[in-house]
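After this come two complexes, each holding chain A, first together with chain B and then together with chain C.
For the complex of A and B:
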């Protein structure tokens, strides 16, 4: 059973957020360990496992980026793995150079002041959103390879954003 | 961490599969608020409104203070009264020590027992007379008093308890709380986050149409601070985010004011006694300043008298502390992805929210006046009682609580970097797994380190436990694949299991909690408390045995005195036996180290050898036609008659 089935959702990127929420709450409430006889250890454990699976599914599906990565994973590319065949795709040299430049821009902006950092943040956030949008398009076309590359780009940009926020 | 989730493969936990026979005990669950400064037990049996349970004197609030002065352990107001005179043997605010290591606890007045070895981080207070107690045992004393109180109220044994913990408590602190419950002989149904308990008690699910709502719970207790953002929807209370500081509370207000008083008294190196008194004075001044604008205080041991404290001065002193709570509120709103304007209400919990400055700050931060209809000191226990009633099996209408883990859980990797496994504010229960591999064929074991916290370096996070995997099959380097599964249950408590994927061999995991007691140590303490219960039982038996033996012995003695000289009632040989048995009974009763068994044996022997004597007396009484009177009356009457006859002449006709 995958996360979409677990929450009664169609296996696609576009989800009705409100319907997802309603389904999740109903299923999480029904499966919660508090709902079983507290003396029945095996029922309690089973409830804990089902609940954990439902909670994990919700955590994945409610977040658009995680949801896209999960769809790519179902398509055969696990971004958390370094395996060249089924893991994150190897990125071209040019992309890595670009990311190094981005990092230098963060250092420069930080010394230039809060406004410069805010501008940079906005810029990087825009790029991150674009990468996700392209990944979603690729997913809709069934192109897992292209989607996975866009999502790797998005991850790099997200990390950059986190760095800006952490010390900003 | 992998997003795929297959519970079948993830949870390899061996468990008897036969469902246990249900022994649910509806209505026999209790809710306990185990607070830093005071504790409380409440009941809400069979769907009733929650109510606090009072002691014989009518007090429901139990000061969380335990005195080890002398041989007796005293809990509550009497212990607190003894504190200024015995600052080193009366323990207060023990909650601050729960799940904390020796290196972490900061300054406190209690002597510490020597660690058992270099790695021993468990806090043990040396209470004299070779008595060392852990914070878990001290808390268990408080829990035991509350349990007894609830049982007296219910008139039957309780089945289980919900104990509240600050939402921001980490795994070690939660585990310590659960262990304290077990040591006190309680079945802990659940550990419930304090703000969540408060939300439940407020019945926020029943307000404003009851359909949907978003609430902030600001909980400032004696020693802990929590902020939780909860959403109600579809009959589910979902905690969206929680934050706080498990070492920040109203106690800090007292300390700030006490330091100010000591400074005013020019006492730079206060004794433990001076500090305790300054603290006690500060506490009561703080309370007065909730209503008054100024208060005049005296600290006799420091030679301070008639010292004026204004509310303004007090607010300046506590400002940095209150600011820290605001910072946590902002972060938690951000984590929950909501703004102050999205909220339907803000609820105040904890005695420290009585301080006007705190109220003002909360109102400003959340842009609305806070709700404080329910007593902030009792609302947490009420919520716990409601949840305990549900978990005891009562058919009670209630919402489902979906709580979160307050701090991220991770594992230390190469270079001391933390790899996050479960992020903070993830809804629990939740699991995660990680695959590890071997670096050489000779490697048969693996040690890893689980930490909790938001920092990147393991040394900056809280160490929870070290796990040792053993019995890894000998495989070429990087061929062994050991999958370690982490599971957080509904109490946010962690369990770890592992298996080798290539061979399917399950691994042995040895858990070494960094700051708590390991399973065996807790079991030993539970056994000890059972032993104590046995000792108590023994003592009661002995006392009852003494009473019983005394009763029999007195009856025989009285009979001997009155009619024992009559040969027809008591042949000389029999009389000797009885006298010997009486002596033996006296000895058994006087023996301080005697057992109830010995006493019983002596009494039974006395009853046996005096049985014939008793029977003859009974027959004699019956024959004399004096039924209806008590044996004693008959005997004294008969004895009087006989004595009279004896005096009259020597040839008294024998009665048959």
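For the complex of A and C:
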């Protein structure tokens, strides 16, 4: 059972957040391990596993980026894997060079002061949002390959944001 | 996660951080990235008569990625490009005592030195990877 089925949602990126939360709460309450016979060890274990799966499904689906990555995973590209055939696709040199330059900009901005860092943050955050939006469009078209490339771009930019926030 | 002493040592005191002039004919540049975590690594070599005279790196990533690239730049200085091209990630991982979840950092460093050598060879008309 995938995360969408687990929470009774259509397998698509556009979800109704309120409906998702309502379903999650109802299903989590129903599956709660306290509801089974406490002397029945196997029933208790099964309930715990179901609860954990429901929580995991909700964590994945409520976050737009994780939801997009999950859809791409269902489409055959697991971005946590570095296998270029079934994992995250390799990025072109020009893109990686750009990421290195971005990182150098973080170092410069940090020594230039808080305003420079804020500007950079805003810029990178915008790009990160654009990459996700492109990925969502590609997913809607059923183009897993294009979506996975946009999502990898987003991951690099997210990593950059983490770095900006880290010591900033 | 516990880092090994060698990783921490390279992380605290990285060797050969910096850049060489990408446009120079005797400089090869390798840029690689780990898409799963967003780490990026740039490794450059300066070659004279088939021997690596200098090596520099810039790595934006975790301690293991920095240590792996620092170690490789240290190793390759004085090596022929053939020797440098035969460095295996397992040697890096072993030297730094990397745990299984950090093996990909040593793979990144191996990919980076190979990419730098390839770039140098392409610039110098040895696109087939043959030595002079």
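The criterion applied here is as follows: the second predicted complex is superposed on the first by the 168 of 168 C-alpha atoms of A that agree within 3 Å, B and C clash if a C-alpha of one lies under 4 Å from a C-alpha of the other, contacts with A are read in each partner's own complex, and residues count from 1 in each chain.
What we mean here is this: a contact is a pair of C-beta atoms (placed from the backbone, for glycine too) under 8 Å apart; a residue touches a chain by one contact, two chains touch by 3 or more.
Note that the structure is predicted; figures quoted are calculated from it, not measured.
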| item | value |
| --- | --- |
| Partner chain in contact with A:70 - chain B first, chain C second, else both or neither | first |
| Contacts of A:119 with chain B and chain C, given as first, second, both or neither | neither |
| First (chain B), second (chain C), both or neither touched by A:16 | neither |
| Touched partner set for A:53, first chain B, second chain C, both or neither | first |
| Which superposed partner A:145 touches (first chain B, second chain C, both, neither) | neither |
| Partner chain in contact with A:82 - chain B first, chain C second, else both or neither | second |
| Per-residue touch tally on chain A - higher for chain B or for chain C | B |
| Chain B versus chain C as contact partner of A:45, first or second or both or neither | first |
| Contacts of A:103 with chain B and chain C, given as first, second, both or neither | second |
| Residues on chain A lying within both footprints (that of chain B and that of chain C) | 80 |
| Contact set on chain A toward chain C in their complex | 79-82, 87-91, 93, 96-97, 99-100, 103-104, 152, 155-160, 163 |
| Contacting residues of chain C [partner chain A, same complex] | 31-40, 42, 58, 60, 104, 107 |
| Residues of chain B defined as touching chain A within the complex | 1-5, 7, 10-11, 13, 15-24, 160, 189-190, 233-236, 238, 387, 390-393, 400-402, 426-431, 487-490 |
| Of chain A, residues touching chain B in the complex | 2-3, 6, 21-22, 25-26, 28-29, 32-35, 37-43, 45, 48-53, 55-60, 66, 69-70, 73, 78, 80 |
